[in-house]
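Chain lettering (A, B, C and D) follows the sequence in which the chains are written, and residue indices restart at 1 in each chain.
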Amino acid sequence: MDLLLVLGLPLLGALLLALFGARRFAAELNVGMSLATLLAAALLVLRVIRHGPMLAWHEQFLVDSFNVFLVALTAFVGFTTAIFSRPYMRIEEEHGRLNPRRLRLYHSMYQLFMAAMFLALLTNNMGLLWVAMEAATLSTVLLVSLYRTRASLEAAWKYFILCGVGIAQALFGTILLYFAAEQALGREGMTALLWTHLNAVKGQLEPRVLGLAFVFLLVGYGTKVGLAPLHNWLPDAHAEGPTPVSAVLSGLLLNVALYAVIRCKILVEGSIGSSLPSQMLMGFGLLSAVLGAFFLWRQQDIKRLYGYSSIEHMGIITFAFGLGGPVANFAALLHMTVHSLTKSSIFFAAGHASQTAGTQRMDGIRGLVVISPTIGWGLMLGSLAILGMPPFGVFASEFLILTTAMREHPWSTPFLLIALGVAFAGIFRRVQPMVFGESDARPLPHSPALVPVFVHLAMVLTLGVYMPPPLAEWFRAAARLIG
Amino acid sequence: MHHSHLIAELLKLLASILLLISFAMLSQRRTQRLITLFALQGVILFVSTCIVAYSAGLRELYYSAALTLLLKVIALPWIFNRLIHRLGIRWDSEPLVNIPITMLVGLALVIFAFGLAQPISMMATTITRNTLGIALAVILLAFLMMISRRMAVTQVIGFLAMENGLFFAATSATYGMPMVIELGIALDLLVGVFILGIFFFQIREQFESLDLSNLEALRED
Amino acid sequence: MGVISLVRQFSVVLLAVALAPLFAGWIAQCRAWLQSRSAPPLVQPYRMLRKLFNKDVALAKDASPLFRATPYILFGTMVLAAAIIPSIATDLPFARVADAIALIGIFATARVFLSLAAMDIGTAFGTMGARRDMMVGFLAEPALLMVLFNAFLLSGSTALPSLVEAYSAHPLSMNPSLTFAAVAFVMVLLAENSRIPIDNPTTHLELTMIHEAMVLEYSARHLALVEWASDLKLFNYACIGFALFIPWGIATHGADGGLALLLAVAVLIVKLLLAGAALALVEALSAKLRIFRAPEYLAMAFLLAVLGLLVHILLGA
Amino acid sequence: MSLYSLLFRCILTLSLHDLHLLLVLVLGWLILGLAGLLRPHRVGLVAAVLFPVGAVIALGVALLGGIALMAAHIPQVAVLPLGLPDLPFHVRLDALSGFFLLLLGVAGAGISIFAAGYFRSGEGTAPGLHCLQYHTFLASMALVVLADDAYFFMVAWETMALSSYFLVTSQHRIPEIRRAGFLYLLIAHVGALCILLSFGVLQGGSWQFTFDSMRSARLTPFWASTAFLLALVGFGAKAGLVPLHVWLPEAHPAAPSPVSAMMSGLMLKTAVYGVLRITFDLLHIRYWWWGVLVLIVGLFSGLFGAIFAAVQTDMKRLLAYSSIENIGLIFAGIGLAILFEAFNLRLFAALALTAALIHSLNHSLFKSLLFLATGSVLHATNHRSLGKLGGLIRRMPWVATLALIGTLAIAGLPPLNGFISEWLLLQSFLFTPQIPHAFLNMVVPLGAAALVLIAALAAYVMVKFYGIIFLGQPREASLAEAHDPGWLERLGLAWLALGCVLIGVLPKIALRAAGSVTGALLGQAVNVSTPFWWIAPIAPAQASYSGLVLVGGIVVVVGITYVLVRVLAHGRVRRTVPWDCGYPWQTSRMQDTAEGFGQPILHMFGPFFRIERDTPSPSDCSPHYRIHIEDRLWRAIYQPIEIAVQHLSNAIGTLQGGRLATYLLYSFLTLIGLLVFVLWA
């Protein structure tokens, strides 16, 4: 029932907002629907805590420790982003960048996107997972091109084509998976693509097929994760879309895509019995982290900067999953969580910052603490958090990842060190003059919704020094599951 | 036995034609022709799916064959034709890579795909198993086509050709995906093309052309 | 620590205070003879002191208390140093207060105070003199330490009484390493006490002076104390040298009766006479160096001391 | 909830554990900091209540640290209900942490009292926010010292870096200060990553990040050396060892003076603590070449710091370079201790370590004192440049007197505390010929000469510092209005000066304190069986020193002399103008300058510097001479790195050329590449 609510409420929201999205109360409705989804997700989480993992609807849906925390996270960030987007989009409208019709599109697509992500997270069917991922892509394509400027169209086009092609590779991988599954499970109804069934027989799946399948799946979903060198859509889409969309892209979609990759990795690694997938993940992870960091160095646009930072962090998470083992997996899951929270809060702050300055170019943003201390401190603290400054939680996961890497694969640590060092310098040398210094810009017409920023940061801070035992238990269970 | 042998031969023939069409698309510069070739691919797919359905006695496959006919032979070519008429596109501009080289690379890809697929197709139980290599080759060739073209429309047709290859792979390796998935895929495809259509107009409105060289403003440096 | 040792300590201090100007006078006398001038009387420094103590002080108008306190501090530190150095006896109550390294520190304190006082008035010469004197200090001290290192290797101690007693155990043996060290020590002594070839105590040629530049603003009793202190410093250095290299005759522990002490005083006076003559000879034979040649000169001293060290480690001697 | 239970538990066991009391005190600092946020713009609350209370807490911390030193046989441990799921925060109070808490508390108290009078509103960050950052900084330093697992250590370590960064950039409107802050945080962060990796090695595959498990880990020589080197780089970056020092002369002067004092006086010591903790406690073995490395780096830093300090013209930069010098001396002591320990000469190792520890304590006192004094000067005159100061001893007698004590102490002169540690260090150098290694026993003794050179250069530098600021004539007319600061500031300065004098006069106290640390770390302590007024670290016959008798002797002699002179000499004092060389038009601008004072150093150590001179041409009517001195290492190491990153970044940037087909090609090639990889593997 709660499952149905989690999946259905955003769909309902999409429908309602498609009808009333242009009205004054659309933003409030958006917030309301998101809140309802969050509550439903909370119910689902409670149930899973109480009764353990569950399957539903002819095993088509699966809720286990791995995805339930992602569902909660997605619902939460979805909700806070909706709160943030209310004043943000209103200011955008007043600046004349949007009209009510586009707002309607925005609101309904936002809900549709959430629905697609919940579907991708909750489904037990690898095929359905593919369909949901594609749906998520399609709904965000329209969000990225919302402003209908040249740049936003170009970004959306690239996003569409690159992710479309990527996802086509994932489909081929899925077909190969299905092909291997048929050998082991037979062709009875829809069970051959069910992850739980595949997982149960993964030892019998043909390793060579799964090896190839993993390549296609990794390239496919990896494109959406933003792994270098498949990442090229990501900075464009982040920079040109509306800020709430950047926030959910970075904070949520990347996670969901990575979730898909990891689900595949569990199967493939179990089947081929070698560390090949782990090696690929580590390689991609390191490459993304290092390239992301060097890209960061040269950015001029604030949202592009943080887009590349997402690539870097996805690289680190992927690397950690590649390291494997309970500690690194735990760290990777933690990093996914804190990255989502931190990165979305940064985008909130950066969005308002660029609205205040009237430009996304960082040269034009100056002295935020002078004009609007909350935006300034939000951006500063968020950036420090994402750069792995304790006591923020990002540091906790980086601590575990780095120490693990140092013992298991010491060759990788210089790369990580370079990536983290360059990323630190790259981001901080931009953030500092934006936040500090003098400014003559005027404050925003509407008071910015910065509660989400500080709530997120407070959560990240808490995770750095104290992790509630149930959450830790989830992470542990999920880390065991990933193996 | 003889019967199934004949069917297998027929499928191989169709697969070869599919591959040939892929090459033809790779070398074709006129957008109009490209759409025709795409439709032809759809026809081949439809026929081969029907044959597979008949020989394996799978009713779902008929549905998916019908879907193919509806979508890829009728709907999409029709949409595209209307689009290019309204947008006034006839020729692709000069491809990024010249055609002989593209063909050579394509040839290498085909060999690669066959080599890759051979050990796998040995394991398959379907009568269409030998065609998995061809499906992979079609996918890779379509990929190549997307890389080597400049116009938005051609790129999209390449994308759809890739989708065709995928569909062919699904039928040849596994007798098609489960129906729900097929429907989902089809829906996504349709929505995708719909969005693309919107895009074409928006892009042309903004850039006065569908040449992708306009879409190179977002870059580093 | 009985009354007798306190009396002994007191007499050592008094002896030093009394002998120091005479030692300076003796050197001046020797130098004059070597330069074929008619020599001033031996008590000339005392006459100078008496004259200065009876004059009015001409104090720069915004001299700070630091400026006025410095002569007393200088004199105090030098007297205290004299109390520590075993010039005639090793068993002094104050001997444990500082070892040879700490003595260098005490001299450095005096130097810093004098330099600060020189900068207090704000004249160009004062600051220049302070700068140069500090420079000589940081160049000389490493060499001096290496000299002490040599001594330490022979005796296992940097406490001067222990050094003296260790040497006295084997009389009249001259270690090769100590020879090097002794030469280095003499070079440092010349530099530290503002003598030729680093400085010329008798010059008032403005651009070359170091010590004189620093005391330019002092007059009357302040100047008297400063001069007396610098005489004491020279005397102290000489006594350190005696303790390090020619310790014979110093009343050692257990042999410190009144007679031994008298003998030690006599030996000390003979040593001072010889040392003064030798210093005068060295000064007469060498020319004053340019200030930026000082590093070369003191590097030479350092090198000699290090050679002594290496010789010791290598030869075990 | 967890915080509450922590508090509750602390109160319950208050009478049982110093450690819990300490944690309550640290928590008190944090609460004070948060209290500052209640009325962020009211300077009254912050100055009159919060900072003084913080100072009292610091005294408490010092007291508990001292108690821990006295009874250091059984380390106290506790586990906090915070931290990572499998790694709660562990804390531990032992002799080493007790010593550094003592240092932190004693100097922190003085700085806090001073800061109470110093921070004013309207200068950059609001006072309340300052209060938060300041007390977080203090608390995090205490927690660094108390932490007993790698994670908590790193959290406290980076919190320290972060809070101090915000303090440094409190006047963020000045671009140079922002640049300094950026450089500082960047190097601190990279250093922290190195420390983190070092812990990754140290945990030895046990996945227990507690220090206890690291103590029992047995690493191979390679891994032990890796851990040590990473730690040395990491902590060296914080300590300002050359060549990782570049941030220090930028960041320390940029901060408000109490913060400079905290950074130089206290924060650098946490790096010393870290090196000691890892080298002597967590690692089970030490190799002699580590000692040689640390010794060389230490002595080089010392020399480097001293000669750069000598040519500075900004008083706070001068002090910052002097910090590099002093840290170099401390590390030289540590290196010597490692060297002796590796050859099992434990008593000498204890002597060297004692010297390093006492010098840490001393430096925290006199460097804080001097930075605070520059703060007072800065507030009184608004000038930081030595070229605009002078003669302040007449306008600010209090500050001048107290600063004189700091100056003499930092110059390593008896009878003050700086001399004690340098003397001990020299004593330990004397034993280096006993090292059973053919080359080391000849080369290492030369280090003693380097040490003396550094110490003597420090004296040179400090004469320049004090002489140019406080002595001579005022170089600007505005200096006539300068006046002494308020009583809180004076109290803070006096407290620190008292510490300098006390340790100098009664060094036995410091020797005992350091003795319990070396006893815990090396199982050996120097001789402390002398009466309280003198010390003889090895044996009385070897070397001894008594600050008390020295001071007493000098005072008595000066007293007698003064009385005698007063009684016997009858000259009156006549005030006149100083001698002007027959040139009556002299002005105060014609005094020797800071540049002039540095000139001999520039001349002798020329190769260290990168010098740019603007000399006027002969026909110039208004000639202007300008000299710009730079650190060669900046151009030799850091600039190439920056350029390399820029180039690499540009090269990588071309990957993203904007053309969709290229992007597709990347995907395509990735796909093909991975397929080939899978086929091959």
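Methods note: a residue touches a chain if its C-beta (ideal position, glycine included) is under 8 Å from a C-beta of that chain, and two chains touch if they have at least 3 such contacts.
Predicted model only: the values in this text are computed from it and were never measured.
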* **Best-connected chain pair, where connection means C-beta pairs in contact** => C-D
* Asked: What whole-Å value do you get for the distance between subunit B and subunit C if each is reduced to the mean of its CA atoms?
  -> 101
* Structure fact -> Chain centres from averaged Cα atoms put subunit B and subunit D apart, in whole Å, by 69
* What is the distance in Å between the mean C-alpha positions of subunit C and subunit D? -> 36
* Give, as an integer number of Å, the spacing between the C-alpha centres of subunit C and subunit A. => 78
* Contacts with 2+ other chains: residues of subunit D -> 650, 653, 655-656, 660, 664, 667, 671, 675
* Hunt down the residues of subunit B that sit against at least two other chains at once, touch-wise. => 116, 143, 146, 155, 215-218, 220-221
* Asked: Counting only residues that touch at least 2 other chains, which ones in subunit C make the list?
  -> none
* Asked: Which two-chain combinations qualify as touching?
  -> A-B, A-D, B-D, C-D
* **In the complex with subunit B, residue positions of subunit D that touch it** => 650, 653-661, 664-665, 667-668, 671-672, 675, 679
* Sort out for me which residues of subunit C touch subunit D in the complex. => 53-62, 64, 66, 72-73, 75-77, 79-80, 83, 94, 96-99, 101-102, 105-106, 108-109, 111-112, 115-116, 119-125, 127-128, 130-132, 134-135, 137-139, 141-146, 149, 152-153, 156-159, 162, 206, 216-217, 220-221, 224-225, 292, 295, 302, 306, 309-310, 313-314
* Structure fact -> Within their complex, subunit D touches subunit A through residues 2, 81-85, 89, 150-151, 154-155, 157-159, 161-162, 169, 172-173, 175, 178, 181-182, 185-186, 189-190, 193-194, 196-197, 199-201, 203-205, 207, 209, 645-646, 648-650, 652-653, 655-656, 660, 663-664, 666-667, 670-671, 674-675, 677-678, 681
* **Interface residues, subunit B side, partner subunit D - complex** => 96, 112, 116, 140, 143-144, 146-150, 155, 212-213, 215-221
* subunit D - residues contacting subunit C, complex -> 390-391, 393-394, 400, 404, 408, 411-415, 419, 423, 426-427, 430, 433, 441-442, 445-446, 448-450, 452-453, 455-457, 459-460, 462-464, 466-468, 471-473, 534, 536, 540-546, 549-550, 553-555, 557-558, 561-562, 565, 568-581, 586, 588, 590-592, 596-597, 599-600, 603-604
